[in-house]
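Below is one structure, written out as structure tokens; the observations come after it.
Here the chain labels run A, B, C, D, E, F and G in written order, and each chain numbers its own residues starting at 1.
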Amino acid sequence: MEYVYAALILNESGEELNEENLTNVLEAAGVDVEQSRVKALVAALEDVDIDEAVEEAAAVPATTGGAATGG
Amino acid sequence: MSTQERKTETIPEWKREEVDDITDFLSRYESVGVVSITGIPSRQLQDMRRDLHGTAELRVSRNTLLERSLEEADDGLAELTGYVSGQVGLIGTNENPFGLYQQLEASKTSAPINAGEVAPNDIIVPEGDTGVDPGPFVGELQSVGANARIDEGSIKVMEDSKVLDAGEEVSGDLSNVLSELGIEPKEVGLDLRGVYAEGVLFEPEDLELDVEEYRSDVETAAAFGRNLAINASFPTAQTMPAQLSKATGEAKSLALQAAIEDPDVMPDLISKADGQVRALAANIDDPEALPEELQD
Amino acid sequence: MEYVYAALILNESGEELNEENLTNVLEAAGVDVEQSRVKALVAALEDVDIDEAVEEAAAVPATTGGAATGG
Amino acid sequence: MEYVYAALILNESGEELNEENLTNVLEAAGVDVEQSRVKALVAALEDVDIDEAVEEAAAVPATTGGAATGG
Amino acid sequence: MEYVYAALILNESGEELNEENLTNVLEAAGVDVEQSRVKALVAALEDVDIDEAVEEAAAVPATTGGAATGG
Amino acid sequence: MEYVYAALILNESGEELNEENLTNVLEAAGVDVEQSRVKALVAALEDVDIDEAVEEAAAVPATTGGAATGG
Amino acid sequence: MEYVYAALILNESGEELNEENLTNVLEAAGVDVEQSRVKALVAALEDVDIDEAVEEAAAVPATTGGAATGG
């Protein structure tokens, strides 16, 4: 999840969400960065409204998780 | 300048040495605070020093000398002189000032309050059974302002009752009632008034951390990360099970709605058909038209 | 469910949902494809708005899960 | 989601869930495959019990459909 | 329930929901048809919006599911 | 859903659930029968205990009533 | 939330959650770091079991999503 968190920091700081910035944040945290994952993340987020996606509860899986703990 | 120079010259040697010593103390720590030590018996103060050992150091002296040292320290510490009044000491630490504040708060203990002392905060007699047998004590409680009465063989306080406002003096009667009830309204301990840490002045309210709030922030941040990963369909080890479930749920929903003849959804499709036939039957008023199993 | 997943991929890629494409996807995955199931799937999906059906999956279980944890 | 669907097809067909197979399935569906996403997916799935995740999902919508799992 | 199912099939096929059609469907399924029930069913469904009634069934179970596990 | 309804009628009448019977019921209802769907349905139902699935479904509405008032 | 995200990255990377590391991560993301917030976060998180909170978060969205219906 550290890659996702890094994207979220960049989203809040207003810096561009690109491979270089992501890599910098992760390296500063001592993460052994995999470029393919950075690339994949940038690609996955390309058309995503992060602020919206973050608040939208991921319906199904969350449910599953909830049911698992709740039941 | 000349007056100050003269003042400096008139300072006795022992005071000069004391100030030098305090100045040296100040230079050893990244964070320095002023703590109130009012009402702490000297033996308890010794215990507190020992508990702080390794984290922070307490330095007590005459207030004038503390002030002088802070003023001479010359890196912003002079801002702390405003907190030097009454019985105070300086506390130095290289730890996080927030952590220091928490540690000091945690080390505070309660103590009984004596007649003639000023209440540091509102004094409340809590609702509940006092455990005291019926007798004149109920009258004493009522006279200090507690809503008390005898109930089922003992004296009960019917509701939380404020018996004294903060800043008011404790009467002899109240002191007796409180001690009978075992209520210790005073908090005794090192009371941090202000801390100067690496260029920033913190007051107690700045240092008070709502740990629960931080915990809930962590949960929110984690949930946000999770939502983003799932909604943007970025695979992470933690969210993969959820993402797989989501995909499966979508396929299942499609299969159910399109009535796709897939073995995995057949039981659900049958259930769906059964639910529909029952829903339709529920709209039929004439029992003659209904199958036996649904007739009254 | 592999036939349904194949339909969902085609729906996302924007390729036509026909027997040939479905067969290709399934064969690429090593599935021993049954033509009658492919045919049946195409027929079943003819008048279905797949995006809508998928979205409903997100909507419904949320309720379910909530109750499970909430109760 | 097409990458996840592809993984699920492979899981059902019993073929190995590796980069090559995923790429083949997606390409057969006309997806413009990004290798970084394929890589990231395979990595993320390494320690995941897919059948278990799928079963959990199956439990939830079943309830929805009307088949009482709980009760 | 076979009489009501027969009505549902006719509703989907778009054929008229009359005694003759119902009887045909049921007989094709090997049902020993009772004319009085067929008559009663046709009369009872005259003023019922079948699509609406069926949709209600779809809506209900969603809630049900949650309650079943949650309660 | 008409294919599923037809299967359920046959299940109630006790006639064999095979392609021929299904086709007859659907044709009697004026459905333009697709053999592939009939085939797929028969195959999909091979290992399903229909009565059990119906019973489970039947358990739900009772709960529903309770949830409506109780929830 | 950027400070908290930074803490979560450090938690995952296994690096110590201290003022210096937090500052580095945030600065790499172009955040104009406030030392007092960093200090407060470090002190507060000392008493928080981050892994536990993260796990609970996985269960939370279900509750959130369902609160409307479930509550």
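Things worth noting here:
By our rule, a contact is a pair of C-beta atoms (placed from the backbone, for glycine too) under 8 Å apart; a residue touches a chain by one contact, two chains touch by 3 or more.
Small disclaimer: the values here were computed from a predicted structure and weren't measured.
Note on connectivity: the fewest steps through touching chains from chain B to chain G is 1. Two chain pairs, B-F and B-D, are weighed by contacting C-beta pairs, with B-D ahead. The chain with its C-alpha centre at the largest distance from the centre of chain F is B. If you average the Cα atoms of chain A and of chain B, the two centres end up 32 Å apart. Chain A and chain D have CA centres that are 20 Å apart. Spacing of chain E relative to chain F, judged by their CA centroids, is 12 angstrom. Averaged C-alpha coordinates give centres for chain B and chain E that are 62 Å from one another. Within chain D, the positions touching two or more other chains are listed as 1, 5, 8, 37, 40, 43, 53, 56-57, 60-61, 63-68, 70-71. Residues of chain B in contact with two or more other chains: 221-227, 233-236, 238-239, 241-243, 245-253, 259, 261-262, 264, 267, 269, 271-278. On the side of chain C, the complex with chain F involves touching residues 35-41, 43-44. Remark: chain A residues 1-2, 5-6, 8-10, 12-15, 21, 24-31, 57-59, 62-63, 65-70 touch chain G in the complex. By the touch criterion stated above, chain C contacts chain B in their complex at residues 1, 3-5, 7-8, 37, 40-41, 44-45, 48, 50, 53-54, 56-58, 60-61. Those residues of chain B whose C-beta lies close enough to touch chain D in the complex are 233-237, 239-253, 256, 264, 267-269, 271-272, 274-275. Chain B meets chain E in the complex at residues 271-286, 288-291, 293-294.
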